[in-house]
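The two complexes that follow have chain A in common; it is paired with chain B in the first and with chain C in the second.
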Partner chain A sequence: MATTYEAIATVTVGSGGAANIEFTSIPATYTDLLVKISARLTGSNEAILINFNNSSTNLSSKRLYGTGSATGSSNYGSTVYVGNATGTGDTASTFCNNEFYVPNYASSNNKSVSSDGVTENNGTTAYAILDAGLWSNSAAITSIKLIPNANNFAQYSTATLYGIKNS
Partner chain B sequence: MPTTYEPIATTTLGSAQSSVTFSGIAGTYTDLVLVAQVKYTANPSYAGIRFNSDSGTNYSNTQIRGNGSSASSGRNTNAGQITGGSYTTGFTLDIFNIMNYSNSTTYKTVLRRGNQSDDVAATVGLWRNTNAITSVSYIIDTGNLDTGSTFTLYGIKAA
Partner chain C sequence: MPTKLVVDCSTGAVEEIELTAEEIAQREADAEAAAQAKAEEEAAAAAKQAEKEAIAAKLGLTAEELVKLLG
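And then the complex of A and B:
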């Protein structure tokens, strides 16, 4: 049986921090993509947004979240979010634990995104977040960029891209 | 390193049909994952998955969902399926994690993540049956699963 769940690339942020994390030249040889994120920001806790193929258009998402004391849902008409990253207001040395799944990323259909994320930090507020995203574009995904809604990724933040084959 | 995440079967619909079934599932894995990117041709009363062709009211679901403006939670007992998506104009992305599917002593539990243009949801489901799961069906009661819908079943092995 062929290996079907393969690590394509990992990015670890260095001591200077980084404005984004990007995976490029993604081959079309898989069926689905999965990205796992462990990240912290240089400023406050913020959402992480993604772009495909450096396109910032035709993006939308829905969010369902709990904070530990409240629940809510949000609608975003021009952004796909994939959870939040912890920040300087959260307990030191805690990083978010997020992942998002993109099926049929090389097909000519619009691209769906399913994301789960948490920012548990033994503090007063922590987020548990489900995001459903859509990139309304028929192009095959060849690159993915992760961008904090504000601030930069802090040192030791990591993201790993996996490819999953259905045969 | 042993392979622990294996594709069992996949199908892409060349024409609309009312269900997709993966049968003859071996008991050699620990868990199953069904990834369905599915479009419905009509607004159903229900859609979702069934095991071993059991269409009885032997399932139950508890769900939390958000529609972009508010969060809600609900549950249904004595249901006829593990809940899937609801009608939307685009594709629904349903990911079902089916734990310990091959044991013959416990009822079977499911975690589902649902994603569509007007809804994000998480569901916990239960099938009140101790039989090992040997088939999984994605079903819809009204209309069909549309052309271009994709379904892939993966098996996951514990070490």
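And then the complex of A and C:
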């Protein structure tokens, strides 16, 4: 049976924390990419944004979210978000559970991103989030950077990049 | 100085590298934009809630009763 998901690389944040996590030299040999994130921040719960090939332009996204007591939506004209990461206001030692999918990442078409994620919190507010993003650029994606809106990724946060074949 | 973890997918090597001045500036701009977006969302949510409560008050209902009625 053909292998569909192949783990390309994984990274775990050490005791010093990390401002960003970046996957570089991504091979063009897959059809799609998937990134799974288990993350916590050194400060408050914040969104995680991404960029491709170190480009911070032509990015946009739409968010739908629920907090446990309210729902809402947001539009972002210059950013692609992929869920939130838990922070110091959430239950200790809990991490978010997020993933985002990028189909046809090596094509010359614009690149779409779909993301779903939850933050863990044994309290009144915990987020469930769907993000839909777009990078309007024809270049093949060769690098992906994960950046918290504020604060750093805390120790034991992990991110794994998967290549998808036969999708 | 903040650092980033860089994974080279061709070798699997992970490096811890200090952010460049440009990356730090971008990080600060992102944080500022996010704080502004969050403030706008909170203001919009508060305005929506106030509007609901005003309608409920006209009807002699609590906001929760109005939500139940419309749900």
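Operating definition for what follows: the second predicted complex is superposed on the first by the 164 of 167 C-alpha atoms of A that agree within 3 Å, B and C clash if a C-alpha of one lies under 4 Å from a C-alpha of the other, contacts with A are read in each partner's own complex, and residues count from 1 in each chain.
Please note the rule applied: contacts are C-beta pairs under 8 Å (C-beta built on N, C-alpha and C of every residue); 3 or more make two chains touch, one makes a residue touch a chain.
As the structure is a computational prediction, the values presented were derived from the model and not from experiment.
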item: Which superposed partner A:V118 touches (first chain B, second chain C, both, neither); value: neither
item: Which superposed partner A:L130 touches (first chain B, second chain C, both, neither); value: first
item: Contacts of A:G72 with chain B and chain C, given as first, second, both or neither; value: both
item: First, second, both or neither for A:K165, with chain B first and chain C second; value: first
item: First, second, both or neither for A:A140, with chain B first and chain C second; value: neither
item: Footprint overlap on chain A, comparing chain B with chain C; value: 72, 74
item: In the complex with chain C, residue positions of chain A that touch it; value: 8-11, 13-14, 16, 18-27, 46-47, 49, 56, 70, 72, 74, 76, 78-79, 145, 147, 149-150, 152, 161
item: Residues of chain B that touch chain A when the two form their complex; value: 3-7, 10, 35, 37, 64-71, 90-91, 93, 95, 113-122, 148, 150, 152, 154
item: Residues of chain C that touch chain A when the two form their complex; value: 2-12, 14, 16, 19, 23, 26-27, 30-31, 33-35, 37, 41, 45
item: Contacting residues of chain A [partner chain B, same complex]; value: 1, 3-5, 31-32, 60, 62-66, 71-75, 101, 103-104, 109-110, 112-114, 116, 130-134, 164-167
